[in-house]
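Naming follows writing order (A, B, C and D), and every chain is counted from residue 1.
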Amino acid sequence: MMMYKCAIREVQTKLEVLDDEFSVRYKRNPISSIQTRVKKPISIFRKLKKYGLELTPENILKGLHDVAGVRVVCAFIDDIYMVAALLANQDDITVLQVKDYIKEPKANGYRSYHMIVEIPVFFSRGKTPMKVEIQIRTIAMDFWASLEHQLRYKKDIEDVEGHEEISGRLLECADTISDTDRKMQEIKRMIGEFNDLS
Amino acid sequence: MMMYKCAIREVQTKLEVLDDEFSVRYKRNPISSIQTRVKKPISIFRKLKKYGLELTPENILKGLHDVAGVRVVCAFIDDIYMVAALLANQDDITVLQVKDYIKEPKANGYRSYHMIVEIPVFFSRGKTPMKVEIQIRTIAMDFWASLEHQLRYKKDIEDVEGHEEISGRLLECADTISDTDRKMQEIKRMIGEFNDLS
Amino acid sequence: MMMYKCAIREVQTKLEVLDDEFSVRYKRNPISSIQTRVKKPISIFRKLKKYGLELTPENILKGLHDVAGVRVVCAFIDDIYMVAALLANQDDITVLQVKDYIKEPKANGYRSYHMIVEIPVFFSRGKTPMKVEIQIRTIAMDFWASLEHQLRYKKDIEDVEGHEEISGRLLECADTISDTDRKMQEIKRMIGEFNDLS
Amino acid sequence: MMMYKCAIREVQTKLEVLDDEFSVRYKRNPISSIQTRVKKPISIFRKLKKYGLELTPENILKGLHDVAGVRVVCAFIDDIYMVAALLANQDDITVLQVKDYIKEPKANGYRSYHMIVEIPVFFSRGKTPMKVEIQIRTIAMDFWASLEHQLRYKKDIEDVEGHEEISGRLLECADTISDTDRKMQEIKRMIGEFNDLS
C-alpha cells in the first residue's frame, strides 16, 4: 500500500509542477484541486475475487489498475484535455488506457476523463513501475459525481420507484451541468479574446 | 497584517471543528473547502482613501471590515445557512453585519452569504477583538464568481458591446447555476429521506 | 475521539498565533515544531482498567487527562517557560496541573515541561470544556526522549546487563544535552545583548 | 524562480518516498524534517556580481548551483549517509558535487553534508534539467547552524572581543554536539542489536 501511496505522490508532484507553471506563465490555475486515495484492502480483496484471483501482491500489481487513484478537478473542460495531454507527453509516463466519459457519458449521466498510467517510483531497492488511475473532471462534474455516489451506496432502498425518480432527476441535472460547463467555457473564451487584444 | 492572519486562523479552526464533527456524526462534510486572504496593503490604502481616511493602524481597525477574509465553500445551499447559524451561536463571536446575496442576488447575478464577525484573538499582550469577513457560498456560486471576477478586472476593454454581451451571458449562467443548486439540494433531500427510513 | 482531535486543533491554533506574533515582532520563532496525537483506544482501555474504571465516555472525560496530547518543541529553554506562561495567561484556558521535569528531571534523565489544561471547544450543540496535555521541551530534549522511547518499548530484552548499560549511557547523554542546551541559551543571550545595543 | 520551486518539489517528493518506505519497512523515519528555500532575487544578483556575471536567466542556470535549496534534517549521522547514497543511486539524478563538512568541519565548527544534484523537471514545453543544492545534517547540527547563522548576520557588531568570545563558545558547543551525536548513534546501534536478537 505504501508503494501505491508513493506513486500517488509522484503523480501529484507532476500535476503541481504543471499548475505552478501555468500560474506563473498565464496568471491562472488550470487545476482547482487534487484528491488522492489508495483503495481499501477490503475493496481490493472483493475486486480480485470478482476476477477469480487470489489476494497476492503479484495479482494486485498485475490485475488491478486502480489501487492508486488521483482525482484532478479543473475549472474548465479545455483544462481537462490540456492536463491529460501534458501528462501523456512526459517521457517517464506510459499511458496504458484512456476512457473519455466526457465525449461519451455513462448511461446515468456520469462524465469524467479517465487515464491509467504507469510511472516509475524510486524506492531504496531500485526503480519500480507503478500503475495509477487518474480521473480528470470539471468542478461541476465532480459535484454531480459526489451526489450520485451517495445514491449508489443506498442499494437497500426498498422503494424502487423512488430510486428511479432520483436517478432520473440526477440524469437531468447532469445534462444541465454539462450545458453550463460549456457556456462557462464559452464565456471564458470570450474574455480571453479581449485579453489577447489588449 | 499578522494580527489579521491570526484572526483568520481562529475562524478557520472553528470551521474545521464544525466540519470534523459533522463528518463523524453524519458521515458527510458540509464544508467543501476554505480559502483565506488578507487584503493587500495597496487595496487597504485605496479603500481608506475612498473613505477619506488616512493610513493608520487605528483607521484600519475601525474603518475596514474586510481586511481579513474567509471564504467557505459548501456543497449545498442548506449547508450555507447551517454553517452561518452555528458560527453565529458561538458565544465568543459577535455578528456585526449580514448580507444575504443568495436571497437577494446582486444585479450581475452574484450570489453569496456575507457575514462580518468579531472574534477575540489571544496575543502575547492580551485578548484583542478582530473583525473578519466571512463569505459562504456553494461550489457552483464560487465557480461563477471566479469567472465574473476575471471579467471585472478587464476594465480597459474598449469594446463595450462585447463587454455587455459577456455580462449578459454570465447573468444567464448565474440563474441556471442557481436552479441547478436548488435541484441538487432537492435530490439530496430525497436521498436523505430514504436514509431516515432505512 | 473527534472531540479530542478538535481540542488539539484549538490549542495548536493558539500556539501558531503566538509563534506568528513573535516571528513578526522579534524576527524569530520560539516554536520549532508542534506534534499532536490522540491516545489510541487500546491505550485508553488499558489506562482505565489500571484505574479500575469501565470504558465509558464519562470515565474517559473525567478520569483521563492525556487523551489529547500536544508536544511543543522549542529552540531554547527560555522559550519553554515563555510559551507556558503565555498559554496560562489566556482567559479561556484553565491550567489544571503542571509538572516541571526540567527543574526536576526523572530518574532516567527525562526532561520536559508538562501542563494539563482545559479549553472550551465549540461544537454544534454548544461549548464543551476539553482537557489537553501539553508537553513543552527543547529540540535536544525531544531527540533524547525519542531514543529513550525506543529503548523502553523493548521490555522483552533478556540481557538485563545490556539494558542497564544502555540506560546508563542514555542518562549520561541526557546530562550532556542539558548542559549544551544551557550553553546555547547563554550564547543566544550574548548575541541578543549585541542586538539590544546596536 | 518558479522552475526552481518545481525542482525542489521533485527532490522533496523523492525524499518523502524514501522516508515513507523506511517508515513501513523498518518502523522508523530516517528524515526528521525537510526545509526548502529558493534564493532571493537580491542574493542571486549579489552572487552573480561577485562572479562578475550579469543578471540573465542563462547566467543563473549555468553560474549558480544553490538557487534551489533543500535541507534534510536526520535523526542520526548514519541516516545522513544513507539518504545521500539512496539519492545518488537514482538513475534520473546526477550528482555534480559533494562537500562533506561532517568529516571535515569548517573552521567555525559547521558540520553538514552538501550535494549539488541535477534532476529533470517536466514542464509543459518539455523536460528541463535543474540544479538543486541538498544539505543533509543531524537535528543537533541544524540547531547549532541556526544559532551560528544569527551571529553571522550581526556583522556590524563593534565589540570585536565580544564577537570572538561568542565564536569561541559556539565552536566549543559544535564539538560537544558532535560528540553527543556520536554517542546517541552508538546507543541506537546497541538498542538495534537487541532488536536483531529478539
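Everything below uses one rule, namely that contacts are C-beta pairs under 8 Å (C-beta built on N, C-alpha and C of every residue); 3 or more make two chains touch, one makes a residue touch a chain.
Just so it is clear, the structure is predicted and the values come from calculations on it, not from any experiment.
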Legend entry - Selected from A-D, B-C or C-D, interface repeating A-B by over half of its contact pairs: C-D
Inset, instruction - Calculate how many whole Å lie between the centre of chain B and the centre of chain C, each centre taken as the average of the chain's C-alpha atoms. - result: 36
Inset, instruction - Could you tell me the distance, in whole angstrom, between the mean C-alpha positions of chain A and chain C? - result: 42
Inset, instruction - Return the residues of chain B touching two or more other chains; collapse runs of consecutive numbers into ranges. - result: none
Inset, instruction - Work through the pairs of chains, note which ones touch, and then classify the graph as line, ring, star, complete or other. - result: ring
Inset, instruction - Chain pairs that touch, all of them, please. - result: A-B, A-D, B-C, C-D
Inset, instruction - Flag every residue of chain A that touches chain B in the complex, lowest number first. - result: 28, 33, 75, 139-140, 143-144, 146-147, 150-151, 154, 156-159, 162-163, 165-166, 169-170, 172-173, 176-177, 179-180, 183-184, 186-188, 190-191, 194-195, 197-198
Inset, instruction - Flag every residue of chain A that touches chain D in the complex, lowest number first. - result: 2-3, 5-6, 9-10, 13-14, 16-18, 20-25, 86, 90-92, 121-124, 127
